[in-house]
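Below is one structure. I have some questions about it.
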Amino acid sequence: MPTVEEVKTHDNEEDCWIIIHGKAYNVTDFLDEHPGGKDIILKYAGRDATKAFDVVHPRDMVDHLAEENHLGDVEGDMEAVAPDDADEEDEQTEEEIKRQELISLKPDLSKILNLFDFELVARQIMTNNGWAYYSSGADDEITLRENHLAYQQIFFRPRILINVSNVDLSTTMLGCPSKLPFYVTATALGKLGHADGEKILTRACGTSGIIQMIPTLASFSFDEIADEAIDGQNQWFQLYVNSDRKVTERIVRHAEERGIKGLFITVDAPALGRREKDMRSKFSSDQDSNVQKINEKESKQIDRNQGAARAISSFIDTSLNWEDIKWFQSITKMPIILKGVQRWEDAVRAAEIGCSGIVISNHGGRQLEFAPAPVEVLAEIEKFLIFVDGGIRRATDIMKALSLGCNGVGIGRPFLYAMSTYGQEGVEKAFDILRDELEMNMRLIGATKIDDLNESFVNIKGTGKRTIPNDYLFNSVYEPLGSSNFKPKL
Amino acid sequence: MPTVEEVKTHDNEEDCWIIIHGKAYNVTDFLDEHPGGKDIILKYAGRDATKAFDVVHPRDMVDHLAEENHLGDVEGDMEAVAPDDADEEDEQTEEEIKRQELISLKPDLSKILNLFDFELVARQIMTNNGWAYYSSGADDEITLRENHLAYQQIFFRPRILINVSNVDLSTTMLGCPSKLPFYVTATALGKLGHADGEKILTRACGTSGIIQMIPTLASFSFDEIADEAIDGQNQWFQLYVNSDRKVTERIVRHAEERGIKGLFITVDAPALGRREKDMRSKFSSDQDSNVQKINEKESKQIDRNQGAARAISSFIDTSLNWEDIKWFQSITKMPIILKGVQRWEDAVRAAEIGCSGIVISNHGGRQLEFAPAPVEVLAEIEKFLIFVDGGIRRATDIMKALSLGCNGVGIGRPFLYAMSTYGQEGVEKAFDILRDELEMNMRLIGATKIDDLNESFVNIKGTGKRTIPNDYLFNSVYEPLGSSNFKPKL
Amino acid sequence: MPTVEEVKTHDNEEDCWIIIHGKAYNVTDFLDEHPGGKDIILKYAGRDATKAFDVVHPRDMVDHLAEENHLGDVEGDMEAVAPDDADEEDEQTEEEIKRQELISLKPDLSKILNLFDFELVARQIMTNNGWAYYSSGADDEITLRENHLAYQQIFFRPRILINVSNVDLSTTMLGCPSKLPFYVTATALGKLGHADGEKILTRACGTSGIIQMIPTLASFSFDEIADEAIDGQNQWFQLYVNSDRKVTERIVRHAEERGIKGLFITVDAPALGRREKDMRSKFSSDQDSNVQKINEKESKQIDRNQGAARAISSFIDTSLNWEDIKWFQSITKMPIILKGVQRWEDAVRAAEIGCSGIVISNHGGRQLEFAPAPVEVLAEIEKFLIFVDGGIRRATDIMKALSLGCNGVGIGRPFLYAMSTYGQEGVEKAFDILRDELEMNMRLIGATKIDDLNESFVNIKGTGKRTIPNDYLFNSVYEPLGSSNFKPKL
Amino acid sequence: MPTVEEVKTHDNEEDCWIIIHGKAYNVTDFLDEHPGGKDIILKYAGRDATKAFDVVHPRDMVDHLAEENHLGDVEGDMEAVAPDDADEEDEQTEEEIKRQELISLKPDLSKILNLFDFELVARQIMTNNGWAYYSSGADDEITLRENHLAYQQIFFRPRILINVSNVDLSTTMLGCPSKLPFYVTATALGKLGHADGEKILTRACGTSGIIQMIPTLASFSFDEIADEAIDGQNQWFQLYVNSDRKVTERIVRHAEERGIKGLFITVDAPALGRREKDMRSKFSSDQDSNVQKINEKESKQIDRNQGAARAISSFIDTSLNWEDIKWFQSITKMPIILKGVQRWEDAVRAAEIGCSGIVISNHGGRQLEFAPAPVEVLAEIEKFLIFVDGGIRRATDIMKALSLGCNGVGIGRPFLYAMSTYGQEGVEKAFDILRDELEMNMRLIGATKIDDLNESFVNIKGTGKRTIPNDYLFNSVYEPLGSSNFKPKL
């Protein structure tokens, strides 16, 4: 049982202990593997990191540390190891005061008419860090925007004089019934938007009959989220494959035991993307985006010393490849879906090796810049279980994707914004909005059930004739041409 | 004969009486069928609703109530049942004072050079409610704008050295002569723009030799509008099909008896579209847009309890389908035209079952978002009696539609704006502007009569290579990328 | 010899005399034929109109009046018939004072780097009337802007390693040598920009070896302009065909006698276009744009009385047609060129009936809105003597047109702006700028003489994939969608 | 040995001596050949020009003057020949004071996240002259912007489930190993951005394993730059061919002796382009852009006198043509690459005559306006050693070019901006940024080495469907249409 004084001496990169919930941990070896970067841990080296830890992490995350690094309960006056910023938190910045005021003035939920409204409120009342983390995309965010804008190149071909008295919006995805043809896709770090984070999404899905995909990088532990589900509520699981396959195997088997109905293996993120908006935010020391800063530093040092080839941390396995899928098939009976397919050749291969389906996705525009908009890839692929995510904001977007052959769509950020602004009630309202829009537009297009939708309802001739979204950085540095000037008035 | 005191006791949703023009009505059963929503009625439960009623409704609309709900003349001091807002109306809001001032400063009619000018004036001097109701469209209003902008992708191929001394702009539509190749299409709630509402349009059409299509949802009764016509003036009738076919039959037979020359059955509105601009306006308690609010509430409750399938109010028959058209043919000899066709397959079917023609229309962009611009659908359809409406603002728009094979175009909002700003004189001026533009441009294109126009006069290669209109909501929530900042100056 | 007192009594529409340069004229019958409208004449009915007349008209224009309307020298005190605005002119408006100041501060000519610079200066120092008249186009001015923007869809395919030490920019058009491959095309009312108006252009063309096309509607008489030419200077003549063919014949024969080398018959203007920018300017009472106002008034009256068919004034012959071209061939040996061809069918016909060539032109975007950009029509037409005008601002525009098969380009407005801002020196500078740009870019593209240019130098694949210019009026009346609002801070 | 007094008498265009580093030179005959124009020299006629000379020129540049013009050391008090502006330099303009302040506040290098950040900082802290010279392009700068924007029409087709643990970014170009698949291309006048100019680039290339292309128009002498290289560092040489072939031969042979690995002959600049932004800057008297002013003046005089054909100065040989390439092959064994090819026909010819490769380039948009974007030309050309430059700002741009078949890309301006803002450390940081972006995106696209990249990774269907960049000048002179105005409030 280490004493407070003992802990305090392990306060550097070569020898780093921290205290979480009254227990000490030796995290020296873990520093380089921390997805959030080592800087944020080092800030608490030799001190109590509980508060910062709880802001983003599930409590059981410390269990992943090797047994020998669990040092046991700390003895002594914890005040002595309080972090440097312990006081700071009590005095509010001017920015925070303004944010609190905006929170008190936010529109009534009844005034929220569409998913954009949630986002607009979120942009103003979320913390800078949270907003920047949720909203950012890769490079110039062209793919991020194109994801949505590509839907606008598609027009409908509505039918008339169809009896649309009854419209049935329910569907079945991977054998799971869903009241609406979309699911809540996996997104990381729910606590950045709401203290109850991912649990909020679980509860709203429960009341509304919507499927939730649980993320690997949630702010709560897998079990905490799974426990939140009501009887008969279906959940899927999104997996980042860890280089340590034992860890991965344990996670997958546990998910299956808990009744997870689908395993979505993320294949578009062998490395976590750079997101400059996030990097520029004041997200200075506390969260995941530090991955990027650290990587940058390392890459500089490593590259100078070792040349261009280098390995990144073991958290995400950069070596993941087609052979590994067979292994997954050997350890689980859950249907396996590849999340992040972006070209038809890979869809064909996924089918050939026995995957149950794919998600056409570019990770919400957060990974590869100039990855194609998913709805455009959709037109390339035929006859397979296909989900699509990215850029969906309106029922019409959903209907376009379904008409083009996909079996359900994933929606992520909009529900995060609803959660961050109005909690569970907000997420349910977001579902309601989409249901109302769907029902209205199904009637107007002349379709009464999800299966009615097919290619005859859409005109995709405009696809690919896109206007690329504004290149803000290029335009901000380009100096417009001027004309000859009149002489100054004396 | 109910007394004032008696009426006052029936003041809630389960038991609701209101007074209109001195007579009491039991509207309890009607609450759910009111197109404008029950909220606005409940505001006057147990009270005198005359003033609010007259703002939008024709006096005879109460006749539709079942006999047993007509309770007769009310006895007693009507002051006792005056509505809560009786006083309010006397004191003007700041906004209203500003509006009145703008009305006094509006440009002379001689300064109005094109149809946009009417709209600009209307936007400033109409009530918020009226402007929002007339101007709004579905979702992001992309179809609303595309309706007009699609015309701009079409260029002319003018001929030269044609003797154009005389230009004849007259034509015949459904056997009715018209001095100009357009008609005033049906639009609802004319009183929102002018106390004389639809009658204004009738009078202007009379003096100018233009055909008017009378709307089902007019602010005046069908007869009031029909009575306004002069000898020999041709009118058509637009029909929303009521679930109660007896009501529908009565309306249709009456229209035929009154000499209506064409029956335009609306087929693009099995449900009334959501229009967010309208919902956001202060249109809080008084008019038709409440349909939307109510539906939203209901849908939430119903959906939670009964699942996704639900029926909406009986006012518009959501079950209307191709079979019903035969029934219409059995009850009337008027030519039947389907208003709201949006794909060639439906045009073919309309012809096969003996309809006289179609209107290619997306309801002015007010119903299905991403419905195609009518002028683009026009190119799909051949050899049928075709009208087109939506987005027409210039004579060149009309000439493009006519060149592509349509037989006449419908124009709606521009005449509402002319009516709302300058009354009958304004509408006549709007006709004059279009005639002058038509005459000028027919000369310049090298055509001397409407029949001269054909596909050789237009270049439609640019069609479909569109730039989608600004996505205001998406752009308002998207946060542009920033650059690195200079340090603050100390 | 009428007296001042006598003249004063003829002061109305039914009996209208005016005084010009001391002589009285009976213009009662001419009122309806005045291209500038009767209103401006009636303003001076019974008075001395000399000052207003001289602002835009050549002195000999009164000769066109029938002999019997020439009433001879006026006797008496001319003060008594001074126009109402005689005093006004002495006191300057605030606007005029500002304009005079800007004139004094205009950039030195050496600071003018391109043709846009002239236009920017002109926009600020020209009178409102002059600027509006020169710069305006039809309807929404989409064709006006498309004329220029269409050039920007064309890219070059430059050749390298060509000896470009010497670049010869001279060419021959209609047998006339020209130092540069463009000519100054006909534009009306030169005095609006400079007191010496069209003479300025003649002088600059003389010193620079450029061909000028003399306009029918010049501010100086044909002879005044022709007299300004130096020995050997080539001029062409642009003709509006008058309904009175005797007048036309006299004009054409006279032009031939004076040595005019080409007769350009305008065929794209059977009526003068409506230009709203011009109509909105304060151009209230003095000039040609009143054509439009008058026409509007008349059209209203006439149409109400006589139906849609009507004839406009005899000034421009609306009956002009292909048969008439034969007559022109019978009265002149000058080569005849049709100015305003806009489709290949008409080019073929022009060739078949023996015209010497065509000008692909849409009248600078001032007549038919949505007429195609000339450079796009150019690609339709083969093997004929072709000129092109409209939208040319850079040497690269000229080189694109020449590469696509035209034999020379006409430039109008830019030279008017140069003339209006810096007089003859300005026009010569404009020529210099174009020559410098041409020489530079001929070298850079790898061509050493005009004949080198051909289709292999341009990539026109982008043509027609245009982005339509901003629809200012539509956008100004469209109200953007809003979002839900935060509550007001108390 | 001339005296100070003697030098002072040679102070005009016909007889011009100047003093540089204490020695007098007779530059009378050289005036017309000075690339920077004669005006700047004449400003120092009869005086000491050392300071102005050193700002842009390498010290040995005076060696190019003929022997007889070297007049030897000057005797006497140099104060007597101090230039007029000697004092000026000590007092700072307001603008310069502001610039110095901005320099002191510039962001820390660690805050620079992408190449645009360097440019934004440069735009604010560089001198006007330097910024205008580096950033400007031809005419309306459409090609300049299109160079970059064309990349944005290309989307990726990423592969998944590829083992990307190790990514090798190294490559070989012209036999020279490079750690990254780009080189620092030749750009002129490095001292405008940094006192150590091109040497900075050499040093950064040395530490980072990047190839530098030495420019003919460097601010330091060829040897000064070559001397800066470390052992084994590879450099190429960019050549402007001088009309005096002896000079050219001497330069080429010297470069080969110094170990230069590739000779890049510029073929897209038979004349130096006009760049209006540069001309409008206050670049009034000191640098290279005066070429343009002088040319303009001369062209006016010459053209008036001698007609359109004229020769420009001998500095750049306008007669350079395909035959000359053979001569180069006879005087050097260095691989010869043509820099500035812009159409496939010329690429084929270059291959046929034995060139080692080509650079598809339009000189950074500084020469021919409407030259095609290099990445679009790339798709035309097959199987040849191809480099591409112009508009590259992101790793994704590089990967697109490499996927389309090029062997390496040249980057110019971004490194100039990095150099001008943060010196050598800035340039190295720029390399680091590109390496990090490359490594990240290679992983995300599913490629582990440069050779993996091929056409299957890109979707170029959108190419050529471009939106032309804003035409600033056209738009600045175009006056938007207005609407009818409300009357003024009294």
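Read from first to last, the chains carry the letters A, B, C and D; within each, the first residue is number 1.
Just so we're on the same page, a residue touches a chain if its C-beta (ideal position, glycine included) is under 8 Å from a C-beta of that chain, and two chains touch if they have at least 3 such contacts.
As the structure is a computational prediction, the values presented were derived from the model and not from experiment.
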Next item on the list: Look at all chain centres (mean of CA atoms) and spot the one farthest from the centre of subunit B.
Entry: D
Notebook entry, point to check: If you fit subunit A onto subunit D using only Cα atoms, how far does it have to rotate, to the nearest 5°?
Noted result: 90
Notebook entry, point to check: Would the interface of subunit B with subunit C count as same or different, where same needs over half of all numbers used to appear in both copies?
Noted result: different
Notebook entry, point to check: Would you say A-B or A-C is joined by more C-beta pairs in contact?
Noted result: A-B
Margin query: Using Cα averages as centroids, what's the distance between subunit A and subunit B in whole Å?
Written below: 43
Check: Could you state the distance in Å from the CA-based centre of subunit A to that of subunit C?
Finding: 62
Notebook entry, point to check: Of all residues in subunit C, which are in touch with two or more distinct other chains?
Noted result: 113, 116, 120, 140, 276, 280, 465, 467, 473, 476-477, 483-484
Check: Of all residues in subunit C, which touch subunit B in the complex?
Finding: 139-140, 142, 267-271, 273-274, 276, 279-280, 295-296, 299-300, 303, 307-311, 318-322, 324-325, 338, 340-343, 345-346, 367-372, 464-468, 471, 473-474, 476-484
Margin query: Which stretch or stretches of subunit A touch subunit C in the complex?
Written below: 101-102, 105-107, 111-113, 116-117, 120-121, 124, 465, 467, 483-489
Notebook entry, point to check: How about subunit B: which of its residues touch subunit C in the complex?
Noted result: 113-114, 116, 119-120, 123, 135, 140-141, 145, 148-149, 152-170, 179-180, 276-277, 280, 393-394, 396, 400, 432, 435-437, 439-441, 443-445, 459, 461-462, 465, 467, 470, 472-473, 476-477
